[in-house]
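Shared chain: chain A. Partners: chain B in the first complex, chain C in the second.
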Partner chain A sequence: MGLFIRLAWRNLLRNRKRSTVTALGITLGIGFCITTLAIMDGLSHDLITGTTAGQVGHMQIHQKDYLAKRQLQQTITNNAELLQSVRQNTQISAAAARIYSFGYLSKENKSVGVSLFGVEPEHEKNVTTLAEQMTSGTFLSNPTPWPLGQALNDEQKRLDEQLTAQAVAEAFAELDGLFLDNTSTQQQTNQLIDTLAPLPDVPPKVILGVKLAKNLQADVGDIVTLLYETSLGAQQSLQLEVAGTSRQGTDLIDRTRIVFHLQDLQKLLQLPDQSHEIAIKTQDLANVSLLRDAVSDTISAQKQELSVQTWSQLRPDILALIQSNQALMGTLVFIIFLIAGVGVMNAMLVSVMERRKELCLLKALGLKGNNVVWLVTVETLMLTFVASIAGLIMGIALGSYLQQYGWDISQFGEFSLAGVGMTSALKAKLTLDNLLTPVVVMFIIALLAALYPALSAARLIPAQGMRSA
Partner chain B sequence: MIKLTKINKIFADKHQSFHCLKDIDLSIGQGEFTVIAGPSGSGKSTLLNIMGMLDKPTSGNFLFDEKDVAQFSSNKLADIRRDKIGFVFQAYNLMPVLTALENTEMIMEFSGVSKKERKQRAIETLEAVGLGEFKNRFPAQLSGGQQQRVAVARAIAAKPLLVIADEPTANLDSQSTESLLDLMVSLNEKLGITFIFSSHDPRVIERAHRVIHLQDGKVMRDEQLADMSAGHPQAAMSS
Partner chain C sequence: MKQLAFLFLCFASFVSAAKTDLPLGKWIDSAERILRAQTSASVLKMNINKAEYQRDFTLLVLTDDRDEAQKVMVRMLGPALWRGNMTLKVDERISFFEPRNKRTTVMSSSMLASSWMGSHFSNDDLMRETDLAQHYAYSAQKAWDKDTRNYHLVELTPLPSAPVVWGKVLYTLYIEEGRVYPEQVTYFRRKDDPKPERTLTYSDIKNMDGMKVPTMMEMRVTDKPDEYTRMHYQKIKFNTDLAASKFSEQAFL
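The block that comes next holds the complex of A and B.
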């Protein structure tokens, strides 16, 4: 055994140039594979983090058909109680309820269609990075003090019935082409609405998407007017104060989003103790599927038709993107290995052919065929071993650099993949798997590549090549 | 110790064939110092290759040490070569990446002799061939004669029954030739090792106990020049 190692090592040193070039091929192969895998993992990690921390969370609860229809009325009722029971699970680190709707936002003579997004600021902070996306102003904190609505008294109820009848009559009259002044009917109706669901005395604070704010030329502290429809179908308008602007990184969202405190939007839309969505962050993303089943069990006690979905079920496009990215990088890695493998095979074939005489001599002196196979294999393994160490060092150096500083992609402008805003530097992620996989695969490929030269060496007949000098 | 009966060797490919050895009958006893002589192409090396089990005859019987080795597998033949036969080649054929000492130790390492023992035997053998002080040199750092002495040391260190030497002096000057022959003769006398040479060098033939003349693949003449057993060099010289 010692002799084989000595022979193999000295044979490698004997043709330093060729050994160095072959080793360089292996080193570069391993180094680049590690880097490629680390970039791939970094990108996957960025995509998953961008998806989960940016908006989606690790999983979400909705009313069963909400995602398909997204109707204002498809809410999770008794929101607070459900949230409490979800938050009791120790595997869940945070849960935040959300409400969605649409409206028109205007300032002076500009108006834009907007999506309304109600969040619980203190919980949302723990689920997503929404609070960290601020570009100006401050994030939301407390809900706006909102006067309580009062039930209608008998006199008001009679007035309501009378106004309804009057409105019906006016509607028919209008159909007949008569013009009636209905201003007083409208005023009386608004008084009744104010009694039932009064509007706040101070404008509620909201966060605008950075591009929305720019389009409306709205700055922090400005007052904007929202036109919206309540869940009961009434159209109302309300003044809002811009508390800040945020950049989520996705063009559509930055152009249309307006963020409310959950309670403000509940009041506005008249959806007390209701939400459309509960976003959940778990302690360990890897176990999200298991936890999904646990949460499903918890909420099944709620007597509501609710469904729980993980981030990958909610964003299958992201999962598909990650998988296609992995397939692409995998192919690249395979090609790199193939080229390195052919290089090793070539080097070993040449080396065996050059040493035909020596190998014949070893066989003549009593070395058996399988020992010759072993001798050539040991040589290949040694070369691969030394080159692997260099490749590991190269991969760790390159990978660590990219992990620390990233690969600057800001030159390509604002960058989002499948609606996930990416950070401007693409960061690699080095894992033990990324380091070991290329080395192990390279050893297997080197062994396979050595097999043909080794077997052809073993078949040499000792009498051949013995005579010439 | 070697008995060849009706040995034929034909080298053939698709286009032609060459009948190299023709019905060779030959016996070589323990302790002989035999030269196979003949011009180039007479079949000397082929005959040596067959006797050394480096090649197989096309037909005929071959008894080595009273065993019929014609039917042995290549691994079994490798074992016999390793344990019982030493080889010395015309082109020295040392491993260029191993030192003189390592080359000498090599065969013993193949057969699993302990490190301490094989090292001691290799050093003793190198000293016996007069290369004790060169033991750590690589072949490229030795002269042709010195390299051939290492080859002899390698051949005999494992204490074989038989040493086969294919034109060992062909590449040596006369001084090296003489000292190499002195060495082999003394090994033959002291250790009783059987030597079979191929050579057409008169200086070698002069020292042999027996000369087998080969021509066109046939034994033309088998001359007994001395007592066939080892230990009687004077008889050999005087006859």
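The block that comes next holds the complex of A and C.
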């Protein structure tokens, strides 16, 4: 063995220029592959964290059919109790309930259709980066003091029916040209509404999407008016105070989203102790599927039909994007290796041809065919080994630079992929896998590339070979 | 030039008369107007029956079609949460008034296609923006007699440039004592759809303000056979001289 290594080493050094060029090919191949894989992993990682930390969380609980229809009434009914049982799982680092709805927001004579998003600020902070997306003002903290709505008692119900009859009578009297004062009807009605859906003591604080705020020309501290439909189907309007603006990165969200405190939106929509979604952050994203089953078991004890889904089930498009990215990069890496492999084969073939005479002599002296194969293979492996070390150094250097500083792509403008707002610097992510895969693959390709030159060397017939030279 | 146009008009009417001898467009127009006349003021109960909820409303609906710009005002009379809510549509402009905060919101006409107060009727249906007597071509499909009624089934296909959402509408109407009554209207999303998307049925003929009119309208969606919205007219006054001020945002206050 030692002899072979010595022989191989000497042969490699004999034509330094050629060996260096071949080695350089391998070095560059491995170095760039490591960098490419690291960038790709960085991108996938960014996409996953962008998805999970930006909006989705690691997994979510919904009422069974909520995702298909997204109806206001399809809620998780015992929100607080469910949250408590979910938070007891030590594998879960945070869980936050949310409510969604739609409305019509206006300031002075400007109106915009908006989406309402109710969150628990103290828990949402631990699940997503919502609180860090603020561009001005302050994030939400406490719910607005707001009395709870109550159903009408029998007496009030009778009064309501009586008022309807009165309103009908008034309407017809009005048509017949009689003037009737209906302010008392409306006053009594307002009292009933105050029982059913009381108003908050002060305008609830909300966070507007940054583009929404700009379109409405609303600044922090301004009062805006929201027209919305409660879960009972009544259209009502309410004044809100702008506490701040946020930039999520996705155009649609920045253009239409208003963030409420969960309890405020529960009262506004009249959905007490209900939510549409519970977003969960786990301790370890890699084990999310296992944990999903555990959470699924926990909540199956509940009376209602709920479903739990991981981020990849909720956003299959992101997963597909990552997979297609990986396939593309894999193909690219394979092509690089193929070129490097052909280079190695060429170099070894030339080196074998050059040394035909001496190989023949060795064979004539008794070196067996498979020993010749071994000799050429060891040469190739040694070359690859040296080049791999250089390639690794290059890959680590380039990769860690990109991991540290990133590749600034902000010149291409604001960047969002499949609705996930991305940072403007593309950051690489070096992993052991990324380092070892190119090296291992390179060795396999080098071995395959050595096979042909080695076999053709082994097949040399000593008598002929020595004479022709 | 005027004479030429007149000649052309004569010719055109001759051609259309030759194609069908029935005044289908006129019938549809009369049937559609039966609850509206020139102006109308009606009190009706709306009963929404959906899988998710049941709701009952009492409404006052005022319409005025005397001018170019159709005007509709819907005021909700009960129950409490809705009482005093008003929706006004003049031409393309829809505004909504909420009495507790005395707040008026002007909405874009894109809201027309969305459901009105969670019912199976769209804003468009309630406000009658799309006129079946205007944007369609008519062809008689079938005619039959039952009791004293002379029934006709008319197929409506939208004119090429018509701003409508339906690909085909089948209109069943009947003529009794010289008056045209609507019986059933089925709406097809596309012309070749085997099943209608929704069906509107008129029934319960009663005497209102000296005229016989259907007082019950029921809308059903084919996909959800258990759901429906009914509008039951309690009282109607036709052709009163409604003041223009009733159809302005000042009427909200």
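Keep in mind that, in the parts below, the second predicted complex is superposed on the first by the 434 of 469 C-alpha atoms of A that agree within 3 Å, B and C clash if a C-alpha of one lies under 4 Å from a C-alpha of the other, contacts with A are read in each partner's own complex, and residues count from 1 in each chain.
As a working rule, contacts are C-beta pairs under 8 Å (C-beta built on N, C-alpha and C of every residue); 3 or more make two chains touch, one makes a residue touch a chain.
Since we're looking at a predicted model, the values are computed, not measured.
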item: Chain B versus chain C as contact partner of A:227, first or second or both or neither; value: second
item: Contacts of A:236 with chain B and chain C, given as first, second, both or neither; value: second
item: Partner chain in contact with A:196 - chain B first, chain C second, else both or neither; value: second
item: Which superposed partner A:168 touches (first chain B, second chain C, both, neither); value: second
item: First (chain B), second (chain C), both or neither touched by A:368; value: first
item: Touching partner for A:70 - first (chain B), second (chain C), both, neither; value: neither
item: Residues of chain A touched, compared between chain B and chain C (which is higher); value: C
item: Residues of chain A touching chain C in the complex; value: 71, 73, 104, 106, 109, 111, 152, 160-161, 163-164, 167-168, 171-172, 175, 185-186, 189-190, 192-193, 196-197, 199, 225, 227, 229-230, 232-239
item: Interface residues, chain C side, partner chain A - complex; value: 41, 43, 52-53, 55, 58, 60, 75, 77-85, 96, 98-101, 103, 105-108, 117-118, 234-235, 237, 240, 242
item: Complex contacts: residues of chain B adjacent to chain A; value: 45, 49, 52, 54-55, 74-75, 78-79, 81-83, 87, 89-91, 93, 95-98, 102, 106-107, 109-111, 115, 154, 166, 171
item: Chain B partner contacts - residues on chain A that touch it in the complex; value: 2-3, 6-7, 10-11, 13-14, 357-358, 361-369, 371, 461-463, 466-469
